[in-house]
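Next come two complexes built around chain A: one with chain B, the other with chain C.
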Partner chain A sequence: MKTVLTIDDSKVVRTMVGRALQTFGVRVLEAQHGGEGLTLARADRPDLILLDVTMPVMDGRQTLAEIRGDASIHDVPVIMLTAESGKDIVIEIARLGVTGYIVKPFKQETFEKEVAKVLGSPEAAAEGAVDPTAVLVVDDSEKVLDVARAALAHNMKVLTALSGAEALETYRNSRPGVVVVDLAMPDMDGFATLAELRKLGRSGYVALSVRGDDAAQEKARKAGYHGVVGKPFREGELLDHVLTAASSVVAPEDLVKCCLGDEDGCPVFAIPPARVLSRLLPEFAKRLRSLAEDGNDRLIIDVARLEELSSDHVTSLARMLAEASGVGLRTAICTTNAGVIATLRELAEAGEARWADTRGAARACL
Partner chain B sequence: MEITHTTVEQATREVLETSAHAPVLQVRHTSRADHDFAELIATLSLMGTRGGTLVVYCGWQQAVELANGMLGGGPEPDRETVHDAVGEMVNQIGGSIKRNVGASGSEIMLSPPVVISGSPLRHCVRSSAEPLSVELETATGALWVGLWPS
Partner chain C sequence: MNASTTWEAGADPTDTRARVAGTLKRLSRTGALPTLPAVASAALALARDPDADIDRMCQIVRTDIGLSARVLRLANSAALGRRTPARRLNEAVVTIGLRKTTDVLVAACARQLYDTGSPLAEAQWRHALATAVASEKIARASRRADPSRAFLPGLFHDVGRVAFLLADEVSLRVIDRMVDECAGDRATLEEEWYGFDHAQAGAELAEDWGLALEQCDAIRWHHDPGTAGAAADLAAVINAADGVAYAIGQGVALWPPESVGLAALGLDAEAGQKLTEEIGEAFQENLAVLG
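Take a look at the complex of A and B:
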């Protein structure tokens, strides 16, 4: 699914723009001034930014200059929305590298025509949506692909490719939400592969690099990878990076699906990194209700990958446990880490939960 | 090009019909400077060589209906949202006037809009000129727009 960031100090205009974008079937992010917009743009790298000219804190001209000066987002198309369309303003924003402009008040057809220059027609934009539950892993080593498959298959549909060329072919056919790419491959390396993948669609990207190669990892981030995992990697480490990258391009309701797995008929929620988890809580609560409505009475919360709990994790877990209990689900928490257990035991909401070393043991004790 | 009653009318009509989806049923050109029905006033300055003060007056319920039209329906907008909507509307009217008279930024620059609401409201513009005022009737009520040329 493509993402559009709208930056406007008027909530009413942001709502109007969001409504006008509905035909494109895109995910819409909102910011009320340039500073907030830059933060969101750097975190999510949208496919298009719709930018108001006159705003407090940081106006549209300053924001556009910042975008064009930032290597990580300098090539994101920007369409400016303005109530003024004087020749001088148009020349000024054109000089700053604007992709187009829309004059307010705008008619739906005018808006669609301008936005379609970047996203393609509404139909094409909707067709370009990625499969949020699929991940493509690209590495020239069968052994690495096997380890990655084992790490991710509980949560996502795993596709694999042994080369950059094979990856492009698989991507065209399956449009996975996340692509994990080895940086050091013969013929087409991870940088060339990423450049080609980005021409085909917008997914989350994770690089696989030799552990300790800081220069390659830095270069990968600058090239547009959302995260870098050092090889050899732990299973949980790869899943965390994949979920974090997915959160940049996948809507929360789809991302929850990637975190919810199954252990012999018992639902398992694999806890993602804290910053992803906090975004998912409202959707997680909805999923819990539907699990209960579907006749489930058990839930495994898998925190086995976490070596320690951040305060955000603790807050989120307390809410999750309370919500699970609220809809009548018995819970088992899966971890062997004594520090994590000690922290969780302090939560009143964890009083009813059971504890287990593995998912299998957790299912058995429920 | 001179700013006239027609310029003000065309700009307001464009904004009402395009942004608020409120077709204009009737229009009157006047030079009235005050309105008894006003419970909300939105104003901005057109600064520069061809500037002036632009003011939109309307009743509160009409402002709510216009905000609703801009938002595409849904629950009744709160006070902050109504102010936001009518502020945006006066901004768009100002931009449209500027565009319709073919002005450049050095000739006309728009200030940020100011919106106040309450009852009773009185609004004074320091100008010796008579306003170019236009009263527009929509299905949900009247809207009065005045421009005092500087």
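Take a look at the complex of A and C:
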């Protein structure tokens, strides 16, 4: 799924832009001023930025100059949004390199025509959407593929490929939300594979490299990988990187599906990395309400793969336990880590949550 | 146009006028501003003519058989209390009065603007008619404005919204929803999106259509009567009428706009209640004639 970033200080304009973008089936990010827009652009590297000319804090011209001066986002297409009275400014900003401009208020047809120059027609853009719940793992070692499959299959649909060429074929057919690629493959290595994959669509990318090879890891990040995992990896470590990469391209409502599993009829929420978890909380709350409305009265929160809890994790877990209790779900927390249990004990008692070593035991105690 | 009473300090009226017209034309599917039929323009021109007479008004009305029927029907309505029914058009115009006949003609023609098939447009029409009826009655009861000049600005007070609706109904609904959800006040949201609000747009259209300057100013400032200069009293009447339209169930949004209220126009609670009931009945009678 392609991503479009709208930077405009007016909520009504951002709303209108979001509505106009619906036909393109893209993920929309919003920022209220240039500074916030730059932060989001650097974190998510959108496919298109729609940038208002006149804004407080950091106006469109300053923001555009910052974008063009940042190596990580300098080539992202930018379309300027300008008021009727601001058309004269367009000549000035054209020198800074913009793909086009749209005068506000705009008609849907005008908007679509301009945006299609970057995203393709609305139909084509929608067709390019990825499957947010699928992950493709590419490695020339069957053994690595088996380990990756075991690590990810609880949460996502896992596709595998033994070479870069096979990966491209699988990608064309399935459009997975995340692709995990071994950097050191014969014939087509991880860098060449990534370059070809990016021509086909926009997914989250995770590199597999030899643990400790700092130079390769740095090169991978510069090439556009969202994360790098050293081999051999722990199961939870790979899943964390995959979910983090997915969060760059997949909407929260889709991403939360990757964290929700099932243990013999009992819903299980596998805790993602703290950065991803905080983004998912509003969506998680909605899913809890749906679960309760569907007649569920139990929930397992699986934190088993966490070795230690960040303060963000603790804050988010507190909210999750409160949300679950609020909709009438009985909760069990699944972990064997004494440190985690000690940190969470007070929270769990407040939310009347139980403890269990495994998901099976958690289901049984509920 | 008297710039000192109609434009905010420092604004260039020509520039604002061109901006409103340019934006509405650009958004419109046809590339043109909403217009009134020629018969309405002729009636408005006649209303401005000091030598106007019944015969000339009858000539205008006769150009449209539907309008003739409406004028006769109104003349024979219970509200005007004729002892014997008017059978000829000139009898009907005499009964109604030249000025009121103009109001009826313009309202009947304006009705076409709202015939889009959209429920929102239909609600907007009923709100316009209710506000027009209320404006006339409030002006008369409060003596704050000439009642014979209150109906049309009441009718057109929200015609800027109709222009927005005709240009792009979805955008109008987005703003309506944001207002309903208290995400901002209507004038600000419209300013941010269109570059002007519906009151400004309505005043421009009304001026194009030939309404008097005081009436246009009352439309422009109907949400802020204190700023309307010489038209402040008429704007206050329109503002209060807008509120009464909501009170009789003819609103167009979840929340009624802020209103000066009838008390501010010197009508106590009892008089206000009685007047509101009269307005409700008069609205139904007008609706029966104008559809």
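We take it that the second predicted complex is superposed on the first by the 352 of 366 C-alpha atoms of A that agree within 3 Å, B and C clash if a C-alpha of one lies under 4 Å from a C-alpha of the other, contacts with A are read in each partner's own complex, and residues count from 1 in each chain.
Heads up, the rule we're going with is that contacts are C-beta pairs under 8 Å (C-beta built on N, C-alpha and C of every residue); 3 or more make two chains touch, one makes a residue touch a chain.
Computed from a predicted model, the values in this text were never measured in an experiment.
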Comparing chain C with chain B, which touches more residues belonging to chain A? B
Which of the two partners, first being chain B and second being chain C, lies in contact with A:Met16: first, second, both, or neither? both
According to the stated criteria, A:Ala215 is in contact with first (chain B), second (chain C), both, or neither; which is it? neither
State whether A:Ala71 touches chain B only (first), chain C only (second), both chains, or neither. neither
Once the two structures are superposed, pull the chain A residues common to the chain B and chain C interfaces. 10-13, 15-16, 19, 83-85, 103-105, 107
Which chain C residues qualify as touching chain A in the complex? 19, 22-23, 26-27, 168, 170-171, 174-175, 178, 183-184, 189, 192-195
Note: in the complex, chain A contacts chain C through residues 10-13, 15-16, 19, 83-85, 103-105, 107-108
Contact residues on chain B for chain A in the complex? 14-15, 18-19, 67, 70-72, 81, 84-85, 87-88, 91-92, 94-96, 98-99, 103-106, 108, 110, 112
Quick one: which bits of chain A touch chain B in the complex? Just the residue numbers, please. 10-13, 15-16, 19, 54, 56, 82-89, 103-107
